Amino acid sequence: MTLIEQKNLAPQIFEMTLYGKLVKEMEVPGQFLHLRVPSAELLLRRPISLAEIDQTTETCKLIYRVEGKGTDIFSKMKDGDQIDVMGPLGNGFDIGNVKAEETAFIIGGGIGAPPMYELSKELISKGVKVIQLLGFATKNVIFYEEKFKKLGVTRIATDDGTYGMHGHVGHLIDQAIEEFGQPDLVYACGSNGLLKAVDRKFDDHPKAYISMEARMACAVGACYACVVHVKDDETGMSYVKVCDDGPIFETGKLVI
Amino acid sequence: MAENRLKISIPGLNLKNPIMPASGCFGFGTEYAKYFDLNQLGSIMAKATTLEARFGNPTPRVTETSSGMLNAIGLQNPGLEVVLTEKFPALAVAYPELPIVANVAGSTQEDYVEVCAKIGGAPNVKAIELNISCPNVKHGGQMFGTDPKQAYELTKACKSVATVPIYVKLSPNVTDIVEIAKSVEDAGADGLTMINTLMGVRYSLKTRQPILANVTGGLSGPAIKPVALKLIQQVAKETDLPIIGMGGIMTAEDVIEFYLAGASAVAVGTANFTDPLICPKIINALPDCLDFYGIESLEALRDEVKEGFKHA
Amino acid sequence: MAENRLKISIPGLNLKNPIMPASGCFGFGTEYAKYFDLNQLGSIMAKATTLEARFGNPTPRVTETSSGMLNAIGLQNPGLEVVLTEKFPALAVAYPELPIVANVAGSTQEDYVEVCAKIGGAPNVKAIELNISCPNVKHGGQMFGTDPKQAYELTKACKSVATVPIYVKLSPNVTDIVEIAKSVEDAGADGLTMINTLMGVRYSLKTRQPILANVTGGLSGPAIKPVALKLIQQVAKETDLPIIGMGGIMTAEDVIEFYLAGASAVAVGTANFTDPLICPKIINALPDCLDFYGIESLEALRDEVKEGFKHA
Amino acid sequence: MTLIEQKNLAPQIFEMTLYGKLVKEMEVPGQFLHLRVPSAELLLRRPISLAEIDQTTETCKLIYRVEGKGTDIFSKMKDGDQIDVMGPLGNGFDIGNVKAEETAFIIGGGIGAPPMYELSKELISKGVKVIQLLGFATKNVIFYEEKFKKLGVTRIATDDGTYGMHGHVGHLIDQAIEEFGQPDLVYACGSNGLLKAVDRKFDDHPKAYISMEARMACAVGACYACVVHVKDDETGMSYVKVCDDGPIFETGKLVI
């Protein structure tokens, strides 16, 4: 695909807009792309979630944080550069049977927030009422606040209290339950801590989903790099693969 | 060209081309079927199969290194039964002409022997790759591949029950690989595959701990290509067994380099992760590459190299 | 900061920082003097010195690999006499405060012993690196480094005559490196340096022959970093000897990764060829890197890692 | 330095113009630069001879043939790209004591021709009469013909006879000796075969020089990669290093 815009949203956080026919196949929020780093030395692709999909312009947006060598190289790519993309991969969020007027908690932590944006947009187009609960480390790494606000209720927490509520997303969730009652739908993406909290809170919620992260190699289910144990499995042999059984899973099912 | 310049025949395997995905890097085959027609491949080396199902090691199981990667999957697989009733049949139905190499691993000699006895029962399994060199499991695996006597015993026991030819997969993590190669040759092995991964570690500066939950992992990719070529040429000069070479192959040129070292066929592992279409791309690039370097056919090249080694 | 966070003390070597060019990659030091002030370095590990002058192997002696290179220099050096009367004195005059590690090699135990007995006579030579792991010579070299008994004998003999501490340089080309490490520890070695190069080969597709005249060469560079880290952590857990780590170091982060594996100091080899200023660049980058990862000092990090290994 | 122009002179043959302060140090023809390939996977630099030096514009030109990965990457670099340069390295051609009116044979084979261009220019500025004898594999890989012709007598041979004399440079040399007599100065750069021929022909010529090639790592005399045996050395221990004793050597001295 062709990189047509690269924006620095916050320190170390970038938004990439990609253009290409592949967008046609991007239909489900929560899916990810597996990007080849344009450096002969780096053999493994990098999984990055779709943050926004626009069929009319055949573009999609990815938001990523510079963590290591690969994302650093991405951040230095320029408009017009080609990028080798596999995907869309993964199951994505199941929004097939959501109903208008249902309430959804959209929970995103830090660099887990991006896929929640496209999800929110699609839920809204189905008439779902979204409550967006976003956690960030500190004020200056917050991104997409305005864009989320345009979609619906948006509450923000920062770990250090520099913006919004002081504390982690768990507090936002508790507050939102008080304010809006139990949600019909729950979707979360973020750090392992955040996922654990959501998993515990919505343990047997029938429509609560979390997006898992894992170190991947193939991203097509062939290498067994990204497996996660299934809960309450006596044999110890049951597993799911984050890359193709996921990255989205129902709460209460996995050993996180 | 009337004649297929890429074809190669080695025990059990009459291949239309020498390119096969390496064991562990291509699942049980069907995972990559949505990317290209698997019939293009010479063969597929399936994921390791053990007698019982295995979950493998805790995660993270992979990490990256310069021109390489570390893996510590730990032989996760659904066990012989499922492989025989589901995995291989799935391939046999969809690709009846595609020969498969089964990769066999175990914790004890008895395990290996039982799997070897049965796995040839799948109609599409044309050869066994005896994995005595997995660096990522505590029991079995590399243990058998670093001691010439154990390698001999295991190979002999497996040969006596197997219904298809056996290629023994050698570990590079040894002082003298020729000694191991000769032991398995004496034990009746039909061929060798080499190399399995080197052992490596990476640390996270943030956590100050190893990145892999298993601490150590197997190093693969172009980083190890010169090591693979070194060991292959060394063994090729000292034994008569055909060698399926692997270790960092990314291009048609790499394939030819492995032939120059004495390989008769090759497997492509890590490169599948970099580019899921790498195998068909290499296959398609090979004829032009042969032309460029004035090579008539891969069989001719193999013979020329073997002849050269004899007179060296 | 009053305290020097980069300083490190190991037998014979009180270093202001742990960075030293690796043996064979920095000549006898003066070659790089026009690029930067050598006083910035912690130490210099000089080119291998043998009793008599050696020409080394035929050329080509180097070639490139993915994230690595192969060399088969073959210990070319002007011999002990010239090294003692010209090479080391040249450094001593220009950099009187700079400690040098002499690298000693030979074909026979007698050779090693004679060089070890005399080389500490140079006032700036503060330690010996006993090279029992050169893969590029027919006699001696790696031979001594792959057999625990020979490694023991040689180390013991050298220790009995040497006037400065001895660090034994280990070969990665062995099945069990801990066995070798323990042998040389028992023989009285003061420390270890690891790793020397892995063995590798590259072929030219045009000539269909190995690129190196010597056929095989030693693989170095970032390609081997995970292997170096693996072997170092394995040995660090099993012996008490300080380890000077090397193998693919290119950045300050790499240096810290070697500390996490259990190294007490590090050497930089191949990277000098990529960037002649790499050593001072790493030294200058280290303080910020320590800050970033919340590390007080390298000595503190080393102690933390060693402590961790004890309780593991 | 900054790449300011990249020209494709012939199939696989490129001319790079570099701009930067380093040009100030480039004073002797026959020296080379050691260029870092901008690819993390390739650790060894590539030695390339200076083909032209222009102090007034602070630029220099290199001419190179795409042989492998490194030169291929060079050929894809674009105007404005930075290139990490070590050098100038090596001794260069000794033209300190040439005299006006002396005759010089300037012998270049294929991709060995580039350094001869700057050499010719400088010799001419000292009043030397240059006879330029250039060999190429075939017509379409000839480059700089016009530029050489502007400097002086230029004879070309092609291995396949598609242009100029049919055959190798040795024939051009014989012809030139017949035509112009024995030269006062001889300078040669090219394939090993060419160098051997020149070395033999001008074995004890007092002012005949050849430019050697060798696989290099450090290029500063530290690694002993590039050594060449010295002729008639009984000990077998004498050697020169191409990188810093050379790349230019007197004829009759080395085992080629």
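A, B, C and D label the chains in the order they appear, each numbered from 1.
Note that in this section contacts are C-beta pairs under 8 Å (C-beta built on N, C-alpha and C of every residue); 3 or more make two chains touch, one makes a residue touch a chain.
Just so we're on the same page, UniProt names per chain: A, D = Dihydroorotate dehydrogenase B (NAD(+)), electron transfer subunit; B, C = Dihydroorotate dehydrogenase.
Source: prediction; values computed, not measured.
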Out of curiosity, which chains are bumping into both subunit A and subunit D? B, C
More contacting C-beta pairs: A-B or A-C? A-B
Mean-CA-position distance for subunit C and subunit A (Å): 46
Centroid distance [mean C-alpha coordinates] between subunit D and subunit C, Å: 36
Touching two or more other chains, which residues of subunit A qualify? 40-42
So which bits of subunit B are touching at least two other chains? 66-68, 221-222
Chains as vertices, touching pairs as edges: which of line, ring, star, complete or other describes this one? complete
Going by the contact rule set out above, which residues of subunit A touch subunit B in the complex? 36, 40-45, 84, 86, 214-229, 235-237, 239
Hey, which residues of subunit D end up touching subunit A in the complex? 39-42
Interface residues, subunit B side, partner subunit A - complex: 24-27, 31-32, 34-35, 47, 53-56, 59-64, 66-69, 71, 73, 76, 221-222, 270-276
Using the touch rule from the top, collect the residues of subunit B that touch subunit D in their complex. 66-67, 222
With touch defined as at the start, can you tell me which subunit C residues reach subunit B in the complex? 65-68, 70, 146, 173-175, 198-203, 205-206, 208-210, 215-217, 219, 221-227, 229-230, 233, 248, 253, 256-257, 260-261, 293, 304-305
